[in-house]
């Protein structure tokens, strides 16, 4: 359903993406792993047109877009079919929780205000925050803000949701509630691409794992393969370090 | 002391009667300045070719010259420009029929437009880039993102400065009499000149300005509070 | 509308430029007296006598709400009227620059009190104690430790005040002040304002560069007085990690 081909991107002389290709099927939960600086975030930002890739191609459903040469209109069409969950939530500061969700539906997808509010209320219910509908972001904890960020993404019923390290800005005690919310979405068959450093979560939830390093995909495959018997030495080293860290934390 | 108190008592209401002119000058000049300032801030921030450097030069020029000079330039040269325009457009208007208040609106809005542009630019800097990206990721157009998300936050951040701009504008209207627009200061000059009681007349104006500005400041403060509700929140529990 | 005559612009420019000395005079006097008033206001506002503190803050509020030209007229017409008699007559014969100095001293008194207060509040706690602890007197501590830090903080504001004074002073041509603008208008009036456009241009060519120069000068001064900031910006330029 989502097909990404040969994405390249440099910032100045720094080549961040050196030709990345992958595919996502409907219902897939793709976990993207890799050390910081490996190009994961830049990859997702190119797919959402926050960065202009130097080259690359993307197919989403019946849309086919060149990632370097695209019009504002096609960028918007893709964005209407996708949603993005940010590392630092990026809830609209001047809107309440409910308005944060409904604004995307009215201004972004042309729904009537009434319909939008109904869907927004349902989305809030889904992430367990109905009682916070009229709260402003500044009144909510990081975990609550991120759950609303997820509700905002789900509400527009996108083909795929991109998650950019959705829990790394959170205090450790708030990580759990957000991961649980994403897990619930996975169970319902939502298609997602998630950049994460939460290895246990990636192992449990994903249907496919991508490991990136130095701007390329080193290895991709089903989680039981990647986590237990990775083919590449680099993947093994990375996982060893992370799983060790992980064990310490627990 | 040589002060005529009875003159003050009789002049105060006569001068206050021209308060609507002062307020009209303020409101219209602010509206012009706000629109111009916003457009300039956008042109500079988007680095629009030719326009952006032009705006910068204009802002530097206005900041670098006395308002009195700007007023005289507008008042003395604008009629020529208007005449040329009327001739070109083939309109049937006599330049001398144009109310000088129009020149006053323009002259007063020059400085304010520069201040608005600066305030808006500072406000834009205070709004996080992520707010725009979040809007775009929801499938909203650039203009929808601007209207619903960025603009309200920018204006809220700029409100304290905008309050000062309005106060400065009220004070600047005291120069309108130099463009033969009679507002409170101009009326004081006329009344005081009739009987050579300038000091008493200006004392009245002084009091009126203090009261008016105190009230306007209070109103701006309330407005600012109302607009920034989202920064404080409405639920005290958290 | 006729075209601009370069000769005329040059004439107005050369004949008016020396009158910057009048500007320099009233700017200097107003700043010095104004800052003294401002320091007094800050002390009064901090005083324990509530009435005095209230009067001081009322002064600041009232001055902030007063247009320059209104205060200028009040001082110009009011001082002689209020003092009356011989003193009043003497005042009536005073040069306009005297009234300009009083007016702007009053304004700077109000605005500088805010500047001084915020500069004082920006001092890091413990600076005074540190000075006293090494055996300096209160006065020495203030003079050598606190004041330099406060001046550093106030530098950009002082630059803005000078530009403000230079531009607002032009209003005083209405009471007959011969500063740059006053002189240019006087010359222009002698030729029944035939060359008004040339005069406006000449004035722009004086005020604009001078404002820019003052802005630049204070920008440099600000950097010079803050070695830490200068180093930081250097580091930023060389791309190093702080």
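To keep things simple, chains are lettered A, B and C as they appear, and every chain counts its residues starting from 1.
The criterion applied here is as follows: a residue touches a chain if its C-beta (ideal position, glycine included) is under 8 Å from a C-beta of that chain, and two chains touch if they have at least 3 such contacts.
Just so it is clear, the structure is predicted and the values come from calculations on it, not from any experiment.
Central chain (C-alpha centroid nearest the global protein C-alpha centroid): B.
With centres defined by CA atoms alone, the chain at the far end from chain B is A. The distance from the centre of chain A to the centre of chain C, each centre being the mean of the chain's C-alpha atoms, comes to 56 Å. The geometric centre of chain A is 46 Å away from that of chain B, both derived from CA atoms. Rounded to whole angstrom, the centroid-to-centroid distance between chain B and chain C, based on C-alpha atoms, equals 23 Å. Among the residues of chain C, none is found touching two or more other chains.
Remark: chain B residues 1-3, 60-61, 63-69, 72-73, 76-77, 80, 84, 167, 171-172, 174-175, 185, 192, 198-199, 202-203, 205-206, 209-210, 213-214 touch chain C in the complex. Considering their complex, residues 128, 130-131, 133-142, 144, 148-149, 152-153, 156, 229-235, 238 of chain B touch chain A. Put simply, chain A touches chain B in their complex at residues 48-50, 72, 76, 79-80, 82-84, 86, 88, 90-95, 103-104, 107-109, 134-140, 152, 156.
Per the touch definition, chain C reaches chain B in the complex via residues 1, 61-62, 64-71, 73-74, 77-78, 81-84, 88, 163, 166-171, 173, 181, 196-197, 200, 203-204, 207-212.
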